Structures are given as C-alpha cells and as structure tokens.
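In the part that follows, the structures are each spelled out as structure tokens.
Here chain A shows up in two complexes: once beside chain B, once beside chain C.
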Partner chain A sequence: MSYLVNRLLSMMLTLFLISVITFTVTNILPGDVAMMIMGTQSNPEALAGLRQSLGLNDPLIVQYGRWIGGMLTGDWGNSLVFKEPIAPLLLQKMKASALIVLFSMSIALVCAVPLGVWAAVHANRWQDTAASSASLVGVSLPDFFWGIMLILLFARGLGWLPSSGFIDPADDIWGAMRHALLPSLALGLGLMAHLTRMTRATMTGILNQEFIRVARAKGLDEGTVVWRYGLANAVGPVMTVAGLQVGYLFGSIIVIESLFNFTGMGWLTYQALLNRDIPLIQASVFVIAAVVMLANLIVDLLYVAVDPRIRLS
Partner chain B sequence: MPDGNTPLVSVEGLRVEFASDGGTIVGVENVSFSVAPGETVCIVGESGSGKSVTSLSLMRLVEFGGGTIAEGRLRFAGQGGEIDLAQADPETMRGIRGNEIGMIFQEPMTSLNPVFTIERQMTDGLRAHRGLSGAQARQRALELLQEVRIPEPERRLKQYPHELSGGMRQRVVIAMAMACRPRLLIADEPTTALDVTIQAEILALIDRLKRENGMAVLFITHDMAVVAQMADRVVVMYRGNLVEEGPVGRIFAAPQEEYTRALLAAVPRLGDMRGKPGPEPLRLVGADAPDSVQAAVPPGDPEPLLQVLHLTTRYPVKGGLFRRTVANVHAVEDVSFDIAKGETLALVGESGCGKSSCGRSILRLAEPTSGQVLLDRTDVLALNERDLRRKVWRDIQMVFQDPFASLNPYMRLAAQVAEPLSNFGIAKGSEIEDRIAALFDRVELPRSFMRRFPHELSGGQRQRVAIARALAVSPKLIVADEAVSALDVSVQAQVLNLMMELQSTLGISYLFISHDMAVVERVSHRVGVMYLGRLVEIGSRAQIFENPRHPYTHSLLSAVPIADPARRTVRDDLKFRPIPSPVFPVGHEPAPSVYDEVEPGHLVLRQQAS
Partner chain C sequence: MRIPAAFRRSKGLIGAILVLSVFLVALLAPVFIPEDWATQMDMRARLSPPTWAHPLGTDQLGRDLMYRVLLGAQTSIYIASAAVLMSIVIGLPLGLISGYVGRTTDNVLMRLVDTLLSFPALLLALTISAVLGPNLQNTIIAIGIAFTPFLARIIRGEALRVAQMPYVEGARTAGNSDFRIIVHHILPNIMPAVIVQSTISLAFAILAEAGLSFLGLGTQPPDASWGLMIQASRDYLDRAPWTALVPGVAVAVTVLGLNMFGDALRDALDPRAKGGS
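Let's turn to the complex of A and B:
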C-alpha cells in the first residue's frame, strides 16, 4: 500500500513539473490569446482591455497559479477555437483515442507475442530470419506510411472499410469498429514489429536458461516448456515495453488521427496547435502526460502480479 | 563389468557432433563405458573434456544445444526392456526423462523457474508421468521434500524459488529429479556453485538417496576431491575422449595414463602440507623441473608492510521515496591483521562472510566506515584521492576471479598491460614496449600474445595477463580475490606456482582471498578465517589447519572433501547452521571483537553472548 502511495506522490510531482514546463513554454511561444480571440484587425484599445480582463498582464506566476487552480478544481476554461468548455471536450476526444490506442495495442500484442516466440524457438533458422526481417521493415517505416497504404488498399482499392471519420461506440458499435480498424492497424503495425523483436530477444534469452533444461529433463512436452515455463517469464518484460509504447502511441495519433480524420485527442491537439489555442494545448498536454503515466503505473502493478520476485517497497 | 551384473546403462562408441559456421565440431568421440544398477560412476575432466556432452546425450538433451549423436549406442535397461536411447523417438524419450532417468544441474539459482511456485514445479512432472491428481501429486511432493530433509515442507510448496537459499534450492531440484524414483540419477556438477558446507550436505544427501533407493548415479564433476568421496568407479575424460576408466581406489592409487597422473598431481590435498615450514609449489607432471622453483622465503622483516586495525565496512540499504538509508549490511566488522613483506596471508570463508569486502576496503574500492589501514606506516584512510591513487594504488594491485571480465575485450593485451605504466608515468615510448615484453616473459606467456585480444586466450592465459598487469607497477602487495577459483585444476596449479615463484624472486606479499581450504593450505604463511564479517580465528598455517580452535573453523575444515578415496568423510548426520543475516538497523553497534591468544600468534575470537 505504501508503494502505491509513493508512486502516486511521485506521479503528482512529475505532473507538477510537466504543468510548469507546459505553461512556461506555451507562454514563451509567439502569439497572443487576446489577438487570437478578437482577430488581427481588432482595435488596440479593445485588445488591451481584453488582455486586462483575461489577466494577461499579471505576472507569469500569478497566471500559473490561476491556471493550475482551475485545472485542479475542474474549471479548465474554454477552447478558443471550439468556443466550448475544455474539460468535457477533452473527455469526449480521449474516449475516441482510447478506442484506437487499446485496439492497436491488442492487435500488436496478439500478433507479436506468438510471432516472437516462434522466432525464438527457431532462433538462427529461416523462420527467425523471416520474422526478424519483416519486423525490421515494420519498425523502419513511419506510421503514416502504413496509414496511406491501408487507405489505398482497403478503402480505395477494395472498398471494404471507410477511410475516415469517427463513430461513437455507444451509438453504433459495429460502425465504430469499422471506422477504428484502419487507424488502429496503422498504429499497430509498427508497434507489432517492435514488440515482436522484443519478445524474440527476451524469449531467446529465457530458452537458454537452466530452468528450461530442467523442465525438459523432467520429461515435460515441448509445448509446455516453451509456452508455459518460457513465456511466463517473458510476460513481464514484454508488458513493460508495451506500457512504454503507450507514450509513443499518443505521439503517433497526432499524425494518424489527422490522416484518417478521426476526431480524437490527436486530432484535437493538432487543431489546437494549428490555431494557437493555448488553453487547449496546455490542457491536452497535461491530460496526455497523466494518461501515459497512469498506463505505466498500471503496467508496474501488473508486473508484480506476474513476477513474484518483485515486491512493492 | 563389476559383479557380472547386467549394466543399467552402457554407452558404446558415442560420437557427438556440433554444427558450426566453421564446419563440424566433434564434442565427444569414441566414448564407451557402463553403469551398473546401484553404482556411482563419476565422469571427471576439465572444461571442454566432453563430460557434460556425454551426460546430456544420455538424456538426448544435447540436441537442444545444437548437437547430434552421430555414432554409437546408448543402451538403457528400462522398465519396458532394453532400448537404444540414441535411436529412441521424442515420445519415448519424454517418457524416460524425469521418469526413469532424473537429472540435476550445476546452478541451483537458475535451475528453478522463478515465476512458478515450488509446488507447481514439483508436481507437473508427476502429473505428466504418473497421471496423478493434483492432491496426490501434492502429497507426493510433500513426501519428497521430507526425504531431502527440507524444514517446513508445507510452507515451501507455496513459496517461490527466490525465497529459498542456494542449498535449499538444490535440495528441491534433487527432490524433483527423484520424483518418479528414477533408476539412474545424472548429476552434472551439482555442488560446484555451492559453499563447502552446503556441498558436504548435498553430497551426503545424494549418497543417502542412492543407498536407500538402490539407484545408480552418474556424477559429472571437475573436482577430484568430490570424485574421491563419491565414486565407485571413475571415467576420466580429456578433450572429448575417454582417457581412463577404473575403480576409484585404483585410479587414485595407480593411475595408468599420463593425463590422469597430471590431473591428480595438480590437485592440492588438504593435509598435504602438514609439517612443512612454508608454502610449496605443486609438483606438476610434465612441467619443466618443478624443483627449480624455490619454496617462498619465510618472512624475516619484523616491520609489517600492511597493518589493518579495527577495520569496519558497512553498506547502506536504501529504501523509501527519498532513498534514505533504512539499514546497514555489516560486511566487515572490527577486523584487524597485518601482513609482513614477502608473506601470504589468506582470508578464507564462505560466500557473504566479508572476505572480498575486506580486500576492497584496504584499497578503499569500498570506503571503510571506520578503522585504520597502515601501508608502510601511511594511513591509507586519511589520504586524499590524489595521494590514494599515487601511493596506495601503485603499491597494492588486485587480481580478480574472472580473468575474462577483468580484461577489456576491445583492447590488445600489450595495451592493457601498458596502462598502469603510463597511468603512473613509470615508462614512456619504446621503454614501455620493452617492459611489457619483460612482463610477458615473467608470467611465462609468449611475446607473440602481446598483439592478441583477450578472447583469443584460454582462461589460465588470461589470468597470467591480469597478473602481468598487476606486476607492471612493481607493487608491494597483491590482493588476489579468488584469483584461481575459475580455473581448471591443472591451470590453477600452474598459476599458483607462478604466484609462489614471483613471491620468492620479487618478495611480493599477497592477501589471498579464497573459499578453497586446500589451495589456501598450499600457498599461505598465515591464515585468517572470516565469518559474518568478523575474523574469527587467525594464526600461522599450521596453527589453523592442525590446531583449529574456533567452532566455525572446525566445521569449515570438516566439510572440505579430501581427494583420497581411502578417507571418506561424506556423512549423513551433517547439519551446518545457516549463516545469519548481516543486515542490521541503522545505529546498531555490535560489540568489538575480543580475541584470546591461545598460542603465540594464534588468535581466536571470544564467543559473544548474543
């Protein structure tokens, strides 16, 4: 329990530092919120008045205090572009992104783990070379390349799946899945390649361990030796890498969601950056950071469940 | 064939090949021997002799390591009649492995799956072979744990491997191998990774199980002392070939082959040095005139080179959010000794006793908590970093256990030996080259090796390079931390002889840190025994080995296997106390060490009421 408290405390500390950095950086950036609101042609006096009323003339530390106070009490302000409160907007977009992040992670894990194990079992033979070469191609190419290829093949060419848009699963689960599949695949292919290589490397090491030889010497069949004795030891390391990739995925969705016109966090952040919607940028960065940290905390807690050697202290 | 019994196993003309990029490598060739029911056969040999390959072939596990059985028959008198294991299909082999032939391996720390409970690992073999239900298998696992005398068996079943000590884990591995009452137990170096007292317990356990179950044992080892204690018959292997085979008494008393004689000559035997005045090189067969190596001069200078007074070293245990010190490991606790010029002081003890920490503390590689270290009357602990480097690290050099890990794999050997010379500004330019050549001569390595890389050398040759590097700055003291422990016996003997020869010609002192009592008896003038961070007994070699006074010294000496089949000491009633934890809360101050001088120069730690 004290472990969890420690972890949450250190997470708070990290979030505080992130909030300071985001706030400072967005304030150093060129661009003026008042001018963004009123337009470049506006009356200088009206602009000055708006600045005064928005508190933009206050010292930075006072502005930060006001902002973080609002973040903590749930008043996240209004988006300049979308003209609506930020908190419900972010929540809605986060749900959309969670759909493709979880979907792509599942696709990647379901394919990568068996493929990696298979490559490790046949280490240094043609099966291994084939799997390793394919995953090297996978990690080398950027996500948007896969996105474009998938659109060309499944949307334009075969016409099986829609190439853009987002549907809320609450409204139409089948439609939601159809719309989420291509962006998830585009995100998942690179991830899958990465996790395949990781699984292969981990399993190769494990299969050379003495306890694997002992398991064989007990007369257990090869399936049990590899898929139970071996894989149980690989779950932790593979999971950790997968958890770290959540951060990478939240970077990738900015490009992929824009490519598929999938209106999630990535798309929203892109719009915010494009239009210098500073309150929205600050809140998005903060939320993404929190989600990524939470994902890693969950992975660390799961690690304890799969590896009895790790104790929470 | 002894007693005219039908053999349980007979290996006939075995040849195992490994495929590699450079073509086929022969692992073992033309090996034939047999094991009768209830008999213990030891296969002995140095690294690369093919002893493990032979045992893995019997289990057909060699194939998982890339080997193939190219020729020969492996006849096994199983329950279903005699079969040739070399020709058996995978299904048949699975039925034999763990059922009719059990196997245990060297590393108890890695032999058990870290993420499964002991119960799961003990029962899955039983369920596979015997079709037992979960409850039946659990009952049998409990019986097995009792049979190998593990305390609190019920609790152990629920535990994970990391919660058990090394000795306990090896007992679990043995219990697992015994699960289906195999007719043959293959033990591949089962005690090599264990401390000597644990080794004695495990050897006794294997011996008892063998007697109680009428099981045959094929025991693979590099240790002639273990062979002498365990074997009925011995198979000697060298470079993939069988050299000699015979009853254990005959092999030790009258070895027929040159290699066996050389191997036996290289083994230091506990008790060999009785009545000798000082260290003495081993007489190696085939080596050039061992008599030319003079016995090291006994120390004459009364002024000690190194004085260690009340040395204490503690390592902090960090914890919590701010990584505060929550406890201390008391690695070295109030230790005092001195070393004279040209003298070898050995520190012996089991893993975790603080002997290595003690050596590192003298050099301040581990910063001591308190105490005094005087090198030629200079207080080492008072020096600043610059003087420590210039003075102490020049006069004291270290040689470590693993010669491969202590050499840089990317640097040529000449450059590595040259490093101390240029670091200390001892030599420049072409003079360096000459010095290195002389050092290579000194440690009996060909000068052509100067251009080589570490991976091109054997273990013994690498350790010679490490010694040459230590000698480069003409040190007064060399701290040798388990410097010969990783070497094969014949190589170990050569390196020990070299060290003794260097001492007699250069007058170097050694702090010889080792767990091997027989080696220590051979090389040292004086011996200190460490236990739980304390020096429990110190005295001359003869005082410690011939008149041990502290109970721990007694139990350590009684656990050492003796390389003489006529003096079998393997007993079943052995029960050594496990070493308690040296971790104490912050602020704990143990009582100072108080010694009784039982005879001149022989100090014994007074037992404390704790």
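Let's turn to the complex of A and C:
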C-alpha cells in the first residue's frame, strides 16, 4: 500500500514538472498568442490591448498559474487554428488514437512474444538467425517508410484497404477497423521488431539458468519448461519494455497519423506545431506526456502484481 | 542446423563495413560530385524510372536521385552525429555528477531526467524544432536535447556502479580529489557503455532526422536530406515509387549498419548486457 501511495505522490511531482517544462518550452516561441489571433500586420495599439486583456503582460509565473489552474479545472482554452474549446477536441482525438495505439500494441505483443521465445529456444540456429535478422531490419526502418510501403502494397497495389482517413467506430465499426488497420500495422511492425529482440534476449538469459536445467532434469516436457517456467520469468522485463514503448508509440503517431491522414491526437499535435497554435501545443504536449507517464505507472503496478518477488521486498 | 560462431561474429564486421561506407560517402560525395548535379533539373525526364542516364531514376523536378541520395548522406550523417555529440556533452557530466555525488543532487537531477523521459523523444524534438524555427542547426539542437535524458540515465547508472568498486574506494583512501577520481577512475571505466549507447543513439538520430524532415520540421530545402526526399515522394507514390524507395533504403542501410555494429560492440565491450543480437 505504501508503495502505491509513494508512486502516486511521485506521479504528482512528475506531472507538476511536466507542466512546468511544457509551459516554459512553449513560451520561448517567438510571437505570442495575441499576434497569432490578429496577424502580424495588425494595428500595434489593438495588439497591445489584446495582450493586456489576455494577460500576456503579466509575469510568466502568473501566466503559468492561470494556465495550470485552467488545466486542472477543465478550462483548457480555445484552439487558435480550430477555433474550438481544446478539452473536448483533445478528448475526441485521444479516442481515435487509442484505437490505433491499442491495436498496434496488440499486434506487436501477439506476434513478438512467440517469435522471441521461438528464437531463444533455437538460440544460434537458423530459426534464431532468421527471427533476429528480420527484427534487426524491422528496427532499422523508419515507421513512415513502413507506412509508405503498406500504402503502396495494400492500398495502391492490391486495393484492399483505404490509405487515408478516420472513421468513428461508433458510426461504422467495420469501416473504422479497415481505416485503422494500415496505420496500426505501420506502428506495430517496428514495435514488434523491438519486442522480439527484447523477448529473445530475456528468454536466452533465462533458459541458461539453473532452475531451467533442474526443471528439465526432473523430466518435465520442453513445452512446460519453456512456457510455464521460462516465460513466466520473462513476462516482467518484456512488459516493462512494452510499457516504455508507449512513449515511443506516442512519438510515432505524430508521423503515422499525418501520413495516413488519421485525425487523432498525433495529427492534432502536428497541426498545432505547424500552425504554432500555442494553447493547443501546450495542452496536447502536456496530455501526451501525462498519458505516457500513466502508462508506465500502470506497467509498474502490473509488474508488482505479476512478480511476487517484488511485492515481498 | 547450427550457425557457426564465425558467421555470427561477422555481423559486427558487416555492420562496421556498412557504417564506414556510409560515412565515406558522406565525406567524399561532396568532394567528387559537383553540387549542381543534384539540383540540375532534367525536364524531359521527370519522375523517370531508373535508366542509363539516371541509374536510380529522377524525382518530380527531374533531379537525379542517385546524386541526391549520395549528397543527402552528408546532411543526415552530419545532423545525427552533431546531435549525438551534443547529447554526450550535456549528458555525460550530468550522469557522472548524479551517479558519483548521489544523495540530493542525484535525486533532483534524476527527477528532472525522468520527467523529460515522459516526453516522447520525437515529440520533444518536434516541439523544440517548431519553437526555434526549423532549420539545419535547430534540428541538431532539437534531436540533441531530446536524446540527452536517455544518455544521462545510462551514464548515471554506470557511474553509480563504478563508484562502488574497490579501486575507487582505494583511490579515495589514498587522498585523491573527487575530480581526479571521476576523470581518472570512473570515466575510463564507463567509456564502453558510453560508446555502445552513442552508436545506438546515432541510429535513432538518423531515424529522428528523417522523421522531422518528413514532417517539414527538420532540414529545409534546398538542403538535400533523406527524410526530405521521402517527404517529397509522397505525392508521386503511384507513378514513381522509387522516389520513396531510394532514400528509404539509404536510411535503412545506415541504421541497420549502426545497429549491427552497436550490437557487436555491446557484446564485445559489455558482456554483462548480453542480448538483442
């Protein structure tokens, strides 16, 4: 219990630091919100008036206080580009992204874990060489290159799947899946390669340990040894890496969603960055960092739940 | 069938050869290829597939892709190397101090590093680049800052481990100053980890540069970089897929070489952290 309380307290501190960093970095932007709203050619007096009314002349710390106060109470301001309140906009885009993030994570885990175990069981044989080489190529290609190849093959070449757009699963679940499949694959292939490498490395280490030899000596069949004894010990490390990859995923969605015109969180963040929509940049960067931190917290807690050795110490 | 150990070891060699070739291309291409060969527009051969005149085809403006990809190596390698160097210059002292001094200093610094790690590296780099205004120099700064927390974290862990070694204890008992201990006893012993991590970071930096330029928040025209070439190819994928394939393969070969070389280096220099091969 005290572990949980500690983690939550430290999470609060990290969230606070995330907000400070986000606010500071975005405030070095040349040009301010008033300039964004009125344009560079606007009347200097009107500009000064707007600055005054938006509170842009206040000290930074006061501005930060107002911003974080708004974030905490749900008033996230208005997007300058989309001319809409940010909170509902972000929430809606977040749901779209959740679809491909979860989808790609599932694809990656379902394929990577068996593949990594298979490679580890056949360490230094052709099976291992094949799986390891494939995953090495996988981590070496940029995700958007995967994306382009998938578009060329499945959208342009075979014409099986659409290459752009997003459909809300609430409206049309089949259409939503078809539109989410290619972006999810583009995200998932690189991820799968990372996780395969990690699973293989962890499992190779475990399969060389004493207790595995004992299990074999007892006459347990190889399947039980590998999957029940071996994999049970690899779940923790593999899960931790998968959790860390959530951060990587939320970086990749910016590229992939833009490539596939999939209007989720990454696409929104990209639009905000391109158009220097400061309030939207602040909110989306803060939210992404918070989500990534939360994902890692959940993985850590799962780790404790899965591995009794940590709970006891 | 058992793969012979000699073949497995050759992975590092293949990686080294790939990396060396790409670096040589980056260094020598600008010397041997006049710059205007890459910008010359052959209007009669726009989006031309590979031919004798243009062995790798041409782009939408009829520019020769072979010369562009060769000259683009310079930009991509330069940005990635400078960014990794920058992250070492900032991350090394941070990690060393954090790991060696410990206590409050360590707590404060690592809290900051952990917070920075909550920001996806690409998001951090994109934001910094958008804030500073995208150009070559700011791309380096953006990637360099985004990679610093990773390096600082790893160096801190290594410094912490080495600081507890008996020989460091001995050096302290012998009355050496902290500065001397860090420079003469800790630094040389964490170098293998720093070298391995830098090689892997270099691979990620090449990917990051490509990603940033692909989104228009990295290298700007007329500089030729691989990411920029892939971005330009997007609108012509149907008619001219080679415009994406040529720079894409260039990125893949470079990153593959760096990863193979990095894996082999890790196995050779850092036997405790086996894996990933």
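Here is the rule we go by: the second predicted complex is superposed on the first by the 311 of 313 C-alpha atoms of A that agree within 3 Å, B and C clash if a C-alpha of one lies under 4 Å from a C-alpha of the other, contacts with A are read in each partner's own complex, and residues count from 1 in each chain.
By our rule, contacts are C-beta pairs under 8 Å (C-beta built on N, C-alpha and C of every residue); 3 or more make two chains touch, one makes a residue touch a chain.
Note that the coordinates shown come from a computational prediction; the quantities given were computed from them, not determined experimentally.
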{"item": "Partner chain(s) touched by A:Val238 [first = chain B, second = chain C, both, neither]", "value": "neither"}
{"item": "Partner, of chain C and chain B, that touches more residues belonging to chain A", "value": "C"}
{"item": "Partner chain in contact with A:Ile167 - chain B first, chain C second, else both or neither", "value": "neither"}
{"item": "Partner chain in contact with A:Tyr248 - chain B first, chain C second, else both or neither", "value": "second"}
{"item": "First (chain B), second (chain C), both or neither touched by A:Ala289", "value": "second"}
{"item": "Which superposed partner A:Ile28 touches (first chain B, second chain C, both, neither)", "value": "second"}
{"item": "Contacts of A:Leu189 with chain B and chain C, given as first, second, both or neither", "value": "neither"}
{"item": "Partner chain in contact with A:Val101 - chain B first, chain C second, else both or neither", "value": "neither"}
{"item": "Which superposed partner A:Val117 touches (first chain B, second chain C, both, neither)", "value": "neither"}
{"item": "Touching both chain B and chain C, residues of chain A", "value": "none"}
{"item": "In the complex with chain A, residue positions of chain B that touch it", "value": "59, 61, 64, 94-99, 102-103, 105-107, 110-116, 124-125, 128-129, 160, 162, 173, 176-177, 179, 319-321"}
{"item": "Chain C - residues contacting chain A, complex", "value": "1-3, 5, 8, 111-112, 114-123, 126-128, 130-133, 203, 207, 210-211, 214-217, 227, 230, 233-234, 237-238, 241, 244, 248, 251-252, 255-256, 259-260, 263, 274-277"}
{"item": "For the chain A and chain C complex, residues of the former touching the latter", "value": "13-14, 17-18, 21, 25-26, 28-30, 124-126, 128-129, 132, 136-137, 139-145, 148-149, 151-152, 156, 197-198, 200-202, 204-205, 247-252, 254-255, 258-259, 269-270, 273-274, 276, 281, 285, 288-290, 292-293, 296"}
{"item": "Residue numbers on chain A that touch chain B, as the complex places them", "value": "6, 9-10, 209-211, 213-221, 224, 229, 232-233, 306-309, 313"}
